[in-house]
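Both of the next two complexes hold chain A, though its partner changes from chain B to chain C.
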Partner chain A sequence: MRTRFDRQLEQLNVELIRMGALCEEAISIVAKSLLDSDLTYLPHALDLDDQIDDKEREIEALCMKILLQQQPVASDLRVVSSALKMISDMERIGDQARDIAEMLEYVVQYKFESRVHIGDMARASIKMVTDSIDSFVRKDYDAAVAVIASDDVVDTLFQKVKDELTAAVAAQPENGEIFLDLLMIAKYFERIGDHATNIAEWVCYSLTGQHV
Partner chain B sequence: MRTRFDRQLEQLNVELIRMGALCEEAISIVAKSLLDSDLTYLPHALDLDDQIDDKEREIEALCMKILLQQQPVASDLRVVSSALKMISDMERIGDQARDIAEMLEYVVQYKFESRVHIGDMARASIKMVTDSIDSFVRKDYDAAVAVIASDDVVDTLFQKVKDELTAAVAAQPENGEIFLDLLMIAKYFERIGDHATNIAEWVCYSLTGQHV
Partner chain C sequence: MYKRIFRSVCLTAFAVFIASLALIMGMLYQYFDGQLKEEIRTEANYLAHAVNISGEEYLTELSPGDKRITLIGADGTVLYDSESDPDTMDNHSQRDEVIAARKYGLGESVRYSDTLTEKTVYCAVRLDSGDILRVSDVQASTFTVLLSFAQPIFVVIIAVLILSAFAASRVSAGIVRPLNQMDLDSPSPVLEGYDELSPLFRRIEHQRATIEHQLEDAVKMREEFRMITENMSEGFLVIDRATNLLTYNTSALRLLGVKEGEVGRSVLELNRSEEFRGAIDEALAGGHAQRHMTIGGRTYSLIANPVHEGEEVIGAVIVLLDITEQEQREQLRREFTANVSHELKTPLTSISGFAELMKTGTVPQEDVVDFSARIYDEASRLIALVGDIIKLSELDEGGSFASAAEDVDLRALCEEIRDRLSPAAQARAVTFSVTGEEVRLHTSRKMLEEIIYNLCDNAVKYNRVGGKAEAVISRSEDQKVMLKIRDTGIGIPDEDQQRVFERFYRVDKSHSREIGGTGLGLSIVKHGAAALGIEIRLESREGVGTSVTLTFPPELIV
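The block that comes next holds the complex of A and B.
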C-alpha cells in the first residue's frame, strides 16, 4: 500500500518533470526563432517563463510540506533538498530564455551568416537540459555524469562563436551592436548549459549523498 | 530563556551575514582590479568563491536541520525557506565574481578609456549587494524595496556601457575582442544586481509572506 509520503514524492517527481518540459520548450522556441529569423512563437516563450516561475513556487511549497509533515531522512531528504536546488536552476533557464527572447526582435533584422556555431550551441545546451532532467527521472547516475562532461562542448562552442564575432566586428564595425547582442545571446546559451550541469550535479547528489 | 530554536535561528542569521560579507569582498576585489588594472589581489577573489561555496553548503545543512528538528511554522518557516533561496543567489554572486576575475588577466592589458560607466556599474551593484544583506539583517522592508528599485540604475548603466562599447568597436575594430570581453564583464555586474534584487525580494517575502 502506498503511503501519503510515497504519493507526495511521486507528485514532486511529476511536477519536476513538468517544469523541465516547460524549460525545454522555452529554450527550443527562442533557439528556433533565432536560427529561422522568425518571431512568430516568441510571445509563447515569454508566457512559458511566467509558467516556469509559477511552477517553481508550487514545487517549493510542496517540498516544504513534505519536509514539515514527513521529516524525511537520508535519501528521501536528499531528494527533497536536491529538488529545491534544481528548481532554482530551472527557473534561471526560463529567465535566460526570456532574456534571449527580448533581444531577438532587434537581432533577427540582421541576416548574419556565421550562425552555424551559435546553432550548435543552442542545440547542445537544449540537449543538456533534456538529458539532465531525464537523468533525474530515471535516477541514472551515469547519464547525469555524462551531462556534466558535455558542458565542455558548449564552452568550446562558445569560444568559437566569440572568435567568429570578434572577426565579424573587425570586418563590419558598422554592425558592431548586432555582434555584441549575438555574443550575449551565445553567453545565455552557455549559461543554460551551466544550469543543466548544476541540475545534473544535484541528481548525482540526490542519488549518492556525495557532491560531484 | 533562549530556546535551542532561537539559538539556531540566530546562528542562521550570523552565517548569512558572513556569507554576504564574503560576496561583497569578492566583487569589491574584482571591481578594484578592473578599475586599477592591478591583478595583485585576484587570487584572493578566487579563494573567496571557494569559501562562498563551502558556506552555502554549511547554511543549507543548518536550514535542513532547523526544518527537520523544529518544524517551524508561519514567519519562522518563511525565514528558513527564504534563507535557502538567498544562499543560491549569494553563491551565484560568487560565481560572477570568479567569472570576471578569470577574464581580467587579458582585459587589463588594454588601457581602455571609457571606464567611467563600467566603474559606476561596479559600485552600484556592490551597493545593491551590501544593502540587500543589510535589509535582511535589520529586517527592514523599506530598505529591501529600495534595493529592488535601484536595479533600474544598474540596467540603465549597462545600456550606457553597451553604447560606449558599440562606438568603441566601430572606432577600433582591431581591439574588438577586448570590447567584447568588457561587455561580458559589464553583463556580469548587471547580473550581480539581479541577484541582489532577488535577495531583497526574499527579504520582503520573509517579512510579509507576500511575493513582491
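The block that comes next holds the complex of A and C.
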C-alpha cells in the first residue's frame, strides 16, 4: 500500500517539475520574442499554454486520487495540498504568458526606451519562476525564501516602467494605445513575479508546515 | 529439529513404558489366576476325599470359609450349598464343570458375572457316590483389577511423562548442540557421529564456494562498470520508466551542473529543459532520441535510448557528450568555407566580366591591354589565394612541411627574404634591415621561410611610405633565440589584435584590395609556428607600428 503511495507521490513530483518546466519555457519564449522583436516562436507559446492547462487538470486529478485513496497525513498531506495550490499559480503564469504573447504583435514594431526596463522585468520574472521551480525541485527552503525576497526587484522595476510610460503618454498622446499595451505587459510580468512568489511560499509551506 | 527429536524420544519412552506395563500386568494376572485355580482344585480334591470318607455330614460341620462349597446330586439337584438355600437353586446338571466332572471325574470352568466386573472360578469333583462336589471362588475380572489400579497407574504415567520429557529434552539438546555450534563457513566441516550429514555438508560447502565465487564476480563486474563509467568524460545516466535515476556517473553531474548532494529521485530534477524532457519522453516511448542542448554556454549532444525487456520499455540510457569544441570547429569550418567561396568568387567575377566585354570584339585596342592586365592581376590573386589555401589545408592535415627538417641559417634566410622583398620595399620607400648574430636552426626550411616571409611581407606592406622595417635576431639568457620583426607602420587596433590570426580576417576591409594579400598570411604563420613549436607574440599600437616576436625553443637550435 505504502509503496503504491510512494509511487504516486513520486509521480506527483515529476509531473510538477514538468509543469514548471512548461511555464519556464512559455515565459522565456515570450520574453525572448519581446526582447528580440521576433514573433517566430509565439505560436509555440500559445501551444504551451494549452499544454500547461492540460497538465494542471492531470495533476489535479492525481492529487484528488491521492487524497481519496491514500488519505495522507502530516507532511504527505502538506505536499499534496501545496501541490494543488502550486498548480493554480503555475497555470496563471501560463495564462499571463499567453496574454503577453497575444499583445506582442501590436507593440513589437514600436521602439521605445522603456523596453529596456520591461526587458529587465522579463528577465527578473523568468529568474523568479526558474528559481521557485528550482527550490521546489531541490526542496531548498533558503532558495524559496530568496525568491520571495526578490519580488521587490520586479515591483520596483514595474514602478519605474509605469513612471516612464506616464511621461511618454504625456509627450506622445497619439501613441497612447501602445503605451497602455506596454503597461499591461509590464503588469503581466509583475503578476508572474507574484505567482512565482506564491509558488515559493507553497514550497516553504510543504517543507516546514509554516506559512512564510 | 530439537522439537522433532524431543517428540520422538518422548513418544518412544512413553510407548515402551505402556507396553511394559501392559505386559507385566498381563503376566501377573495370569500367574495369580493360575494360583487361584490350583488352590480351588486342591481344596476340591481334599473336600471330596473327606466327604468320601465321612459322608455328607462333613460339609455341614465344616466352618464356613471364604470359598463357596456346593454338593450336587447325580441328577443335578443341589443337595447342599454353603451360601444359599439348596431348595431355591435350580438344576445344575447342565453346568460345564458338572458335565466335565461327571464325565472325567474333574471339571473346571470360569464364568463372568453379567456386569463383567467379577468372574467365578469353579472346580467340580465326582464323589464315589456319584454326587458332585463343587468348590468356587469369586475373583475380580482383569478389567476391575485394572480399574482398581487406575489411580496409581495414572500417577506413575504422569511421573513417567515428566521424566521422559526431561530426558528427551536433554537428549535432543545434546544431539542438536554440535549442529548449532558448527561453523558452516569453514571448508568441509566434519562432525563426529553425524556421518549421515556429510553429503549435506559437502553440498553446503560446494554451494558456499559457488556463491562466494559469484559474489566476487558480481562485485568485480560492478567495480569494472563503475570504473568505466566514472572514467568516461561523457555523462552517463540510466533511468527507469518513472524517470527515476538508477545509475549515473560524476561526469553526468558535472555536465549537467549538478552537485553530488543535489541528486534527487527523478532525472528531471537534474535538468528540465525542453530538449532533455523531449529526449527522455521519446526514449521511454520506445524511440531513439538525439538532441543538442545548451547548459551554461556549452553545447551538449544528448543521446537517449530505450531499454527493452521483451516488448516492454523498462527504462532508458542517456549519454551526454560535450560537443562545444566540435561545434566551434564546425562553425569555423563553415565560416571558412563561406569565406573561401566569397574570396574565390570576387576575382573570378572580375575575370569573367572583363572577358565577357572583350568577347564581343567591340572593346578598343588600348582597353584590351588594360583589361588583360586586370585579368592577369585577378588571376594572380586567385593563384596566390589557392596556394595559401593549399598550404593551410596541408597544415590542417598535420603538415608535410615540418617533416623535412634541415639546418637553416636564420640570418641568411632573413637576408634572402629581404632581397626578395626589396622591389616592394623600394616602391614604398621602406628601408628594410636585418641585424643580429648568426644562428643555425634545425627545422623545416620551407615552413620557416613561409612564416618569416609572410611577417616581413606584412612589415613592408602595412608600412607607411618612407617607413622602417627590421628583423632582429637575439639570444635570451635561457638559450632561446628570438627573431623580432618590427615595422613603423599603421599598426593593429587593440580590439583586432586577437583576431588577425583568423582566416580571412582583415582589419581594414575597404583597403584590402589595393594592398593585396589573401587574408590567410597570418593564419599560415600561426599554424606554421605551432607546427614547428615556435612561440609567437604580437605587440602593436595603432599608428605607431607592429612588432612580432618569434621565440625558438632551445631544441631547435644547432
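Couple of notes before you dig in:
The rule is simple: the second predicted complex is superposed on the first by the 210 of 212 C-alpha atoms of A that agree within 3 Å, B and C clash if a C-alpha of one lies under 4 Å from a C-alpha of the other, contacts with A are read in each partner's own complex, and residues count from 1 in each chain.
Heads up, the rule we're going with is that a contact is a pair of C-beta atoms (placed from the backbone, for glycine too) under 8 Å apart; a residue touches a chain by one contact, two chains touch by 3 or more.
Predicted model, so just to flag it, every value in this text is computed and none were measured.
Counting the residues of chain A that each partner touches, chain B and chain C differ, and the larger count belongs to B.
Contacts of A:G20 after superposition on the shared chain: chain C is touched, whereas chain B is not. Once chain A of one complex is fitted onto chain A of the other, the partner contacts of A:V137 are limited to chain C, with no touch recorded for chain B.
Once chain A of one complex is fitted onto chain A of the other, the partner contacts of A:L180 are limited to chain B, with no touch recorded for chain C. Legend: residue contacts after superposition of the two complexes on their common chain; A:M64 is shown touching chain B, with no touch to chain C.
In the superposed pair of complexes, A:V116 makes contact with neither chain B nor chain C. The contact sets of chain A with chain B and with chain C never meet.
Contacts from chain B toward chain A in the complex involve residues 57, 60, 64, 67-68, 71-73, 77, 81, 84-85, 88, 162, 165-166, 169-171, 173-174, 176-177, 179-180, 183-184, 187, 211.
The residues of chain A lying in touch with chain C in their complex are 7, 10-11, 13-14, 17-18, 20-21, 24-25, 133, 137-138.
In the complex of the two chains, the chain C residues touching chain A come out as 242-244, 262, 264-266, 268-269, 272-274, 277.
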